[in-house]
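Report on one structure; see the data block that follows.
Letters are used for the chains, namely A, B, C and D, taken in the order the chains are written, and counting of residues starts over at 1 for each.
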Amino acid sequence: MSVTYIDAIRAAQEKLLREDPRVFLYGQDIGVFGGAFKATKGLAAQFPDRVFDCPISEDAMIGLAVGAAIEGLRPIVEMQFADFSAIAFNQIVNQAATHFYRTGVPIPITVRLPSGGTPGSGPFHSQNMEGIYAQYPGLIVLTPATVADAYHMLIDGVALDDPVIYCEHKFLYRWLKAKTINNEHLPIGQARIARPGKHATVVAYSAMVHEAVRAADRLQADGWEIEVVDLRSVKPLDLDTILASVARTGRLLALGEAFPWGGVTAEVVARVCEHGFHLLDAPPQRLNSRDTPVPYHPKLWASHRPTPESICEALRQLLSF
Amino acid sequence: MSVTYIDAIRAAQEKLLREDPRVFLYGQDIGVFGGAFKATKGLAAQFPDRVFDCPISEDAMIGLAVGAAIEGLRPIVEMQFADFSAIAFNQIVNQAATHFYRTGVPIPITVRLPSGGTPGSGPFHSQNMEGIYAQYPGLIVLTPATVADAYHMLIDGVALDDPVIYCEHKFLYRWLKAKTINNEHLPIGQARIARPGKHATVVAYSAMVHEAVRAADRLQADGWEIEVVDLRSVKPLDLDTILASVARTGRLLALGEAFPWGGVTAEVVARVCEHGFHLLDAPPQRLNSRDTPVPYHPKLWASHRPTPESICEALRQLLSF
Amino acid sequence: MRLQAWPASFYAPPVPTLDLPASTEKFAIDREFLRSAFQSMLLARILENKLSSLYKAGKIVGGVYLGRGQEAVSAALGTALIRGTDVFCPLIRDQAGRTAFGESLLDCTRTYLGSAQGPMRGRDGNVHRGRPQAGMPAMISHLGAQIAVVSGMLFAKRLKGQLEGVVGATSMGDGATSTGAFHEALNLTAVEKLPLVVVVANNQFAYSTPNNRQFACGDLVERARGYGFRGWSVDGTDLIACSTVLREAVRRARHGDGPQMIVAHLLRLAGHGEHDDAFYVPDTLRHGHYGQDCIEVATRQLVANGVASADEIAGWQDQYAADVQRAVAQAQQEAPPDPYREDWTALSTRFPISQ
Amino acid sequence: MRLQAWPASFYAPPVPTLDLPASTEKFAIDREFLRSAFQSMLLARILENKLSSLYKAGKIVGGVYLGRGQEAVSAALGTALIRGTDVFCPLIRDQAGRTAFGESLLDCTRTYLGSAQGPMRGRDGNVHRGRPQAGMPAMISHLGAQIAVVSGMLFAKRLKGQLEGVVGATSMGDGATSTGAFHEALNLTAVEKLPLVVVVANNQFAYSTPNNRQFACGDLVERARGYGFRGWSVDGTDLIACSTVLREAVRRARHGDGPQMIVAHLLRLAGHGEHDDAFYVPDTLRHGHYGQDCIEVATRQLVANGVASADEIAGWQDQYAADVQRAVAQAQQEAPPDPYREDWTALSTRFPISQ
């Protein structure tokens, strides 16, 4: 028996529906069909009045969720792909994100974004938007990398009173498995040492945590001990854990799967340099995807995002300083 | 006789309409009314068939412009406020920005975003979105700080074959004046030393260039010579000029008016640290707006964005290392 | 390259007739409704005139947006709703509806004048105010975006078993109907069968843009059917007409007839904001049917039908002027927000560790 | 907290009658049009069946989306358009329309199979292909977003003085009509009086979502009037009906009658993509009027009316199967894109200095 990343997301939603009458699910094809990725499989049958198929209207979906949140409910909205949240952009960043600041009434909605590239998905079914949403005051942006985090952070995210952008990585859905879901877990806002080391720190999140660990495993053969920090949430960003790691290693590689301009890796490097400059023994490095849309062809896609090879290369360079 | 920043924007559009039959203007209230800020005043009378009032449909406005660009025209679309481009987000980042990469057909549209805060404008008429758009491959993001740049960069931007996000700062519209528009100007992609110095570098853009110069002037009294770099365009970002300045001063403050997570200042600090770590004599610093929506009340607004006082404070701290 | 464009001709809408089903008798409006709606119109006008003066005297920063000429339809909507039960999200030109729905004068003056004690505490201004938990969400500027929020409140009430007898309502201008948000929200609302009343005040212009550059159907009410809304078209200068239609539409929504769309035809009797002299409004419109002031029309209607006397109305005027004066004076005395005491966070969550 | 929901009942649309003005005679369709449209349907079906096999054999990565059951309306549209003159942006289920408009088989197989020589050079895949400068823009995934682009192309042609006799067209599903982009674009198109033909293929489902969770009007064509479009409703399983309506709508758009909306009623005879077995489609629909295969219907129509003989059709089938086989084989032999030879930039501009 094993639990996949998407099983965990489904199980978390089931638990939430069972235990919290304020929770309902709203999204395209999440009812009978169980969602494009089956993250809500069977839930409509179990909770027929609380799982809703809806029109292809991302803007209105988030608008409706905000209204329901004002009334004290805790909607979870599934975007069919993170990319389509571009249609709901205004409602997310201007309606939901500003509401508490403006009115004092918090908006506890959770927006699930199936994120990240998979081979053959192309420019509009592969995007990582955490670095976009994190720029907006009033949003919490979660990026679980493990099965347990997929589960607990969804549950903990729904419990928060603020709007949560929950970025779940499509590549991990079925590939990532755990024996069971551990009950112990860190609170939201705290990063995790995914792999301890002492020669360099890789700060990563979501699927890139696993690529970083793979790269670290390879470098082990050469005697390098690479520490991998899993951010878990990109906003809030746990600078303490990052700085503690950099203090140990003196070297930083910020790793992300999003486009190279700005985004999480820039924020990580900038904060470390601002607050932990003296800890650095070498110029901090970044590795992101390339500065083009995510290409369709698997051969291009594999070169577009960071891979264990390119991470090793970046780390070797970092270690050579 | 003097020319304001908005005069320059108007004059650039007039020149473009006069000299380039491919150019047309599309936007809300830009015809008889001359635009919410009068950036197109009189142009509809002069060019009655090429200046169009349009419905409140930002998404379709950009869609139409993309189609016109495919046909070889060069539309300039005015968003009434940068904030409303959130409605056109999908067409900008997914349609316009990806088109050349996907099809090989470039999309020479220019989207004018009246950006930035003014007292009393509140959360939805004050935003700075350059750090959002710059994350997307395929977009060029211009942020003119001077009257001459407002003019030349609009003209040069329209001449580029790629989609241009032209961020014009509302606070500069009438406040910023020049005797005439100098004909000499830097090409797009090149930053400018707005004020030479040797003790610290402030990298800024748009309205913040002027606040930085003010702060620098104040610190002059204490014997500090602060260099101010005006980025001019945030994407492309002229790292060479920044590094050359940091090489002279050893100290960096990245200054922006946008929200504090990510954005231009993070990208500037991250790149400088990656490529010019050894040039830095002190931890690089950032100063942005606060992590809330832009408040309505002038008293709150004035504390929300960086001011000469807060810039001086940040610089003093930077110089104290 | 030769350039050509199609000729623009100004579109003047016909004076609409009431689009009421069969017998109009059962819609006869009562005295109290008319008196109450009229009082809200009057109070709103007096308040807004004051706001305009304050703006012109430099006492209000940002902008002032008036509902002048639109009071009849706005007040009729607000009067037909039940405060404490219904949800109402007013838009730019709904001072009369706000007043009718029970918003206090102080909420308005405090927000416009930036008192820290207003519902927005200086964080947002002018018409961007509300009390979401009292059934009045606070609009964001992006037009059309509030509609789905109201529907979401209704949707939640249904899930909580509290929708019985409840209506949600919002209004907007002709220009807002061109937004994708309008479309998505109306469609979603109809699919969810929510009791939403949507009022479109077609005041002929969106800022300076005339109807013929905003839409290409004859009357925006023609859109209702395509969404599965019941549609009503009404003369917005006529209080009795507006009251009749709005009360009936709200009644129907309340009793399970589904979502309702009302299009009121009228003219904005002010600039877009008080900074705008509306030079672009042609005289033919100003002097035409829609150029008439709905308050004058209503005064005549009330007096002619014995619903209120001229003396009574004059008395209300005096009283409201004094009320407005007080609300302005109080807001002006109150302290503005203090940046040093703000907590400067947009999150209600306080994370234990560094962010 | 008590939870309740309204009961969901499945909405079965009526079989539409042709909504043609007065006399239908003048719309009589000619032999050549029908033969040509039918050929495109047949070729599309054969091609798509092959794509499905390739997908199931793991030779196509990503997904395969078929137009099975929708060929009649798609081909009728493509056949009514003039390649080299008109603009056509096909959507997900428009293989037949693409073929009719003149897209080569190789453009399709190369894109699906990821050949570097296809129009998208492996950068985008499957239905996201096009040749914008040959009048066929390449859709992005976001539904509804292509409509305004087509209108923009028409708008530009007018500015250049090249709009005379030109039509733009695009199609979409029932689900896409719920997008804000659909609304904004249709309204803008009507305001700009552009000769756009919009085809909505109501195949009863958006992915798995049935019409009753997508819209609440009776027939989506009821939306046309609210935009200022002329509206046509047609049985999408009937090639003669589709050809009649599409040819007439395109003719009208071409001759200054303004924008046209056609709603074709039919059933998607496949899953959303080839990964989907469409278990959610009820048998009543599968076995009802719309469950019939438009190619079978068309075959009967053509044979019965002496437009084509069964032998001819069989001959076409053989020929197309061979053509498809060749196009697939060629694309499969071609090199995929080489990441080491890509320039990895999304900008056409080469800035002289570091970026």
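Throughout what follows, a residue touches a chain if its C-beta (ideal position, glycine included) is under 8 Å from a C-beta of that chain, and two chains touch if they have at least 3 such contacts.
As the structure is a prediction and not an experimental result, all values here were calculated from the model.
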| item | value |
| --- | --- |
| Co-neighbours of chain B and chain A - touch as defined | C, D |
| Farthest chain relative to chain B (centres taken as mean CA coordinates) | D |
| Approximate Å spacing (C-alpha centroids) for the pair chain A, chain D | 36 |
| Between chain D and chain B, distance of the C-alpha-averaged centres to the nearest whole Å | 41 |
| Of all residues in chain D, the ones touching two or more other chains | 1, 3-5, 120, 123-124, 128, 140-142, 159-160, 178-181, 184, 187-188, 191, 213-215, 345-346 |
| Residues within chain A bordering two or more other chains | 49-50, 54-55, 57, 59, 83, 86-87, 90, 94, 97-98, 101-102, 123-124, 137-138, 235, 237, 290-293 |
| Chain contact topology (line, ring, star, complete or other) | complete |
| Chain A partner contacts - residues on chain C that touch it in the complex | 119-121, 123-124, 128, 130-133, 137-138, 140-142, 145-157, 159-160, 180-181, 184-185, 187-188, 191-192, 345-349, 351-355 |
| Residue ranges of chain A touching chain B (in the complex, touch as defined) | 83, 86-87, 89-90, 93-94, 97-98, 101-102, 123-124, 131-132, 134-138, 235, 237, 254, 258-259, 261-267, 269-270, 273-275, 277-278, 280, 282-286, 290-293 |
| Chain C contact footprint on chain A (complex, rising order) | 24, 49-50, 54-55, 57-73, 90-91, 94-95, 97-106, 137-138, 140, 160-162, 187-190, 235-240 |
| For the chain C and chain D complex, residues of the former touching the latter | 1-6, 158-161, 178-184, 187-188, 190-191, 193, 212-217, 220, 222-228 |
| In the complex, chain B residues that touch chain C | 21-22, 28-29, 31-33, 36, 48-50, 53-57, 59, 81, 83-84, 86-87, 119-125, 290-293, 295-300, 302-304 |
